[in-house]
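The following pair of complexes shares a single chain, subunit A, combined with subunit B in the former and subunit C in the latter.
Moving on, here comes the complex of A and B:
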């Protein structure tokens, strides 16, 4: 590839060169149509096909399903799927269980997101300064993140059971009915579980961001007489702002995707739908009860809401970048 | 920085670490108890109450080996797809000049924020219904076949390699594939290990998608069969907690072991740059 470029280059370099040369030199001079290494397209083609097949097309298809009367048929059967406008959205949001699931995920986010940001920033700051047992500490904080939800859920069920260890320690302070079957506590317990489970990942992000905060800022803060607390708020917090925006975004999107935890920890969103999430209802309505169109409508609304929340967060936390 | 502050920090960090590790310790203890002991004394091993019976009990119900093999095939397929194609893509994005590479990189970033909940229904319709890949390993692997985070991590690593290195080899007449195999690959070994770990934990721990696509117990990954055990079968077992926790230990052990072995490559800056783009 580089050879074909190199040969005509000298002749093309003379500005308004003689007429015969301009015809042949036009291509190489302007850069070849596909770039200097067209092989790059071949190297990236499988990934591009994958993204189209698994992300782009389903994304469009999902929105199409939400606006049409869509139901499962035997493979190969052609049926009419008429456009129904907002009917699926109306069906979905006339169901109080759906409204409740959006409220539940709101409660979840209100507990999970602030707790995640505060705890992961504090722990990452402390971890960044720690001098001893760094490997042990890092491994401890990351282990829940790398472990399967299904595996750790099993322990939490055991721990937060009616006569489980948590209630044994709390004694008379234990809620009745117990955490996971208590309509007030079920959702917060799930929020605490997810915070604990995912915290390692956000600590990792903040640790990376902390490496980018200039040391001199801390030094000048301390010569100005700022203590540890003061320099945390006036140097660390503004210094890691881009990471905070990312943590807010990722934890919000993860929270909106909540499925495994209510499905397993509270036995399918119980008690009485108090911990059902929108994705859980999408599974129940769409795949168990055969209404994929209604489920897609819930999905579209959920994603639009998440985008809205993410934009608001960006306004408040993002600053100019 | 006073001594007191350093002590306080060490204390808080240690306490936090113990809180993070305790459920894992409790998982192991619980899986070895002959009869479940949820009291405070039960958090310490009691020789009179120790047994491996729970592992036998869970194995009779969900066949751990089949589950592990299915998880292995699922994870192996995703690893193979990612290590081949994410590597090629990352390399071509960083070291080759071609039209449209900016767009492909933007797509890799964009894909990270596409929420799976919106894709769940159409992917199920397409893969299980239209392509008839329900209850197959291929159907399980397909949506995860190339990890976009891996594409970005590889690109980030290849960007750090000097372009002159590649130009020199090109002038010597090496083909692009030979360049990739003999020069680029040996230089990005740390990225390789990071990507293996990061890609491994995705499918190994994934529950929702394989749960949707596999109804046949003989094809289910361990995470799915264990979850089915928790929701349906556990109530009828003699020691449901012990058996469930034994299954949890078997599910968690491979990832935790892999993580401890490779944790020094799991360095904040690499992943951080990967995620930030």
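Moving on, here comes the complex of A and C:
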């Protein structure tokens, strides 16, 4: 069946092969051009092409842009694009707004990622045990995730603006200025919004992972006298560790790419840049202000930082898995 | 053992393949960067495509203009469509330039973006046409100079303006006990006093509510009209120097800082039309507002200044939209003829009639006396159109405006820092940006 079987194995007992046409001695047997499993390569090729075109090429291109004096031009326009070394990086990181945006997204991740992991695991565990209205609850958690941010943002603005429902409930305890125009509260409000909106997706991941935790482990824990809390920490949490690593990685990567929420919820990263994210600044610099080279420099640093954080997460949360 | 060797060899092979791929990619990119050549030369005739704005009245104008042209020019037909949807027209146009699929003419080119489009090689120099500069200057007079680049060339056809004035809600003014026919809104002090009366009377939560958000263009609707008036028609830049770090700029900034500090203007954006919904008693708008605020009993006055200036001497921001002829166009001679046809006296009259927006041409009221006679609401705008100030030219305009907004927001809107210091620092940065052009 396997195509590799068709290749004769070199063996001393095999009859001597005729000399090659060139007259030189045959060297070690060459591997087939498409490897041992050409069918596998054929099946994976479309996705590889997709990744190369949509991810690898733009990534390499943006790295190239970050080290050159670059701006977008019409096709055929001849301009110099000299290599400028780290100049774009210096320009970007000399701007306090850029430094602040990285700090902002750091605050966002510190709130969003742990909250996402804890809430989605707790809710998934509860949903897994729920016997009534399970489908309704699952759909309820998933609806915000599939709803367009633009639509959901309008609801949050209604809730969190100066005269919004939240402030009316809080009365004198409401912050002044209100949440979305408050330098201290703007970013945490966005983090809570994103956590709530994305929660349904992560709950689904955990629900899938929970189906793989053997029921015998819970029975054994129960036999040994473990209560619900003990079972959760000793059976559930270790049992879904691979899913936890995935949730950590995905929420970190998507969080670091934060754009829509500061763009819509706080009207372009306000107040005074308190909720501006690096990607929002990349958009402003690259598309609005004609500085894609400086925007790319920010993007390259962001990719490196996210990779670093992801590696640390994998190292410390992934264990030996 | 063999398996290990194969695995190592395979891994090495993959690494080499990856490195080779990166190298090829980098070389490809380097090759891309070299580019070819397109000198935006004029010449051919034939079919062309144009884009126009997607608002209802401009679509109506565009359609009748294309019909009129096509009826007379069967061999040089025009195909028109609305500007494709995007976050802003400027981003869509910028992307179209880069992709090489921009149409021949776009009737919604913002002057703030023209410098960037020119730098991208996306715009044709209209001065290269034999009658290019003369046609523009005859039509727009001295106003045309504001739309030249640093070399005195025209990469945009000045088309129409929406001079910014103050609209006020007469019913709310009357409710607050103010004279709706002669509102005291001429000086900053009068404006503040009137605003206090409106808010204290509870007729509207805000006296006026310009968007207090961070977008680069927002200062064109709060600071800039009043600065143009206060300074007697000075732009943001003059001879490469930022002009606003002076008494005129400080006066305007202090006025707005007081509006925000006293709660006469909210620091939070309103998700809707604050003037139409009675959330604000006043608004800074252009003539487009006449048809939009049909249900509001409105009046209009020029923007205020520190000491009050007669209406016939008051300058303001133009809020112009122009026409660009794009280098992707193959039939540039036809495009230029269509551009002249669509900005001629007849089509300008149609534009006025159908949209209420002011064609950027000299003696507007003298050219279309019947229109202003029949539509007295537009008279003030017609008069104001001859005294407007434009954004600075050049590729860094958006960056300059964003720099200004970033300085304005904390100091003026949120009261965080000294207003004069903020303007001084912004002026230094903007002068630097001007020098980089």
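What we mean here is this: the second predicted complex is superposed on the first by the 270 of 321 C-alpha atoms of A that agree within 3 Å, B and C clash if a C-alpha of one lies under 4 Å from a C-alpha of the other, contacts with A are read in each partner's own complex, and residues count from 1 in each chain.
In this text, a residue touches a chain if its C-beta (ideal position, glycine included) is under 8 Å from a C-beta of that chain, and two chains touch if they have at least 3 such contacts.
Given the structure is predicted, the values throughout are model-derived calculations rather than measurements.
In this overlay on subunit A, subunit B clashes with subunit C.
When the two complexes are overlaid on their common chain A, residue A:118 makes contact with neither subunit B nor subunit C. Once the two complexes are overlaid on the shared chain, A:139 sits against subunit B while remaining clear of subunit C. Look at A:287: by the touch rule set out above, it reaches both subunit B and subunit C. When both complexes are overlaid on chain A, the residue A:72 reaches subunit B and subunit C alike.
Contacts of A:312 after superposition: neither subunit B nor subunit C is touched.
Look at A:55: by the touch rule set out above, it reaches subunit B but stays clear of subunit C. Applying the stated contact rule after C-alpha superposition, one finds that A:267 touches each of subunit B and subunit C. Taking subunit B and subunit C in turn and counting the residues of subunit A each one touches, the greater count comes from B. In the superposed pair of complexes, A:90 makes contact with neither subunit B nor subunit C. When both complexes are overlaid on chain A, the residue A:154 reaches subunit B and subunit C alike. Of 79-87, 205-213, 385-393 or 421-429, the segment of subunit C running into subunit B after the two structures are fitted on chain A is 79-87.
Residues 57, 61, 72-73, 75, 154, 157, 161, 267-268, 287 of subunit A touch subunit B in one complex and subunit C in the other. Of all residues in subunit C, those touching subunit A in their complex are 21-22, 25-26, 29-30, 33-38, 90-91, 94, 97-100, 102, 116, 119-122, 211-216, 266-269, 271, 327-328, 395-396, 398-399, 402, 406, 409-410, 413-414, 416. On the side of subunit A, the complex with subunit B involves touching residues 2, 33-41, 43-44, 46-48, 50-51, 54-55, 57-59, 61-62, 65, 72-73, 75, 123, 126-127, 129-130, 132-133, 135-144, 146-159, 161, 163-165, 168-169, 196, 199-200, 204-205, 207-209, 211, 228, 242-243, 246, 249, 253, 256-257, 259-260, 263-264, 267-268, 278-279, 282-283, 286-287, 292, 295-296, 299-300, 302-303, 306.
In the complex of the two chains, the subunit B residues touching subunit A come out as 1, 5, 9-10, 12-14, 16-18, 20-21, 23-24, 26-27, 30, 36, 38-40, 42-43, 85-86, 88-89, 91-93, 96-101, 104, 107-108, 111, 113-126, 129-130, 132, 142-143, 145-146, 148, 151, 170-171, 176, 197, 201, 204-205, 207-208, 212, 223, 226-227, 230-231, 241, 244-245, 247-249, 251-252, 255-256, 259-260, 263-264, 266, 268-269, 271-273, 275-276. Across the complex, subunit C is touched by residues 52, 56-57, 60-61, 64, 68, 70-79, 81, 97, 154, 157, 161-162, 177-178, 180-181, 267-273, 284, 287-291 of subunit A.
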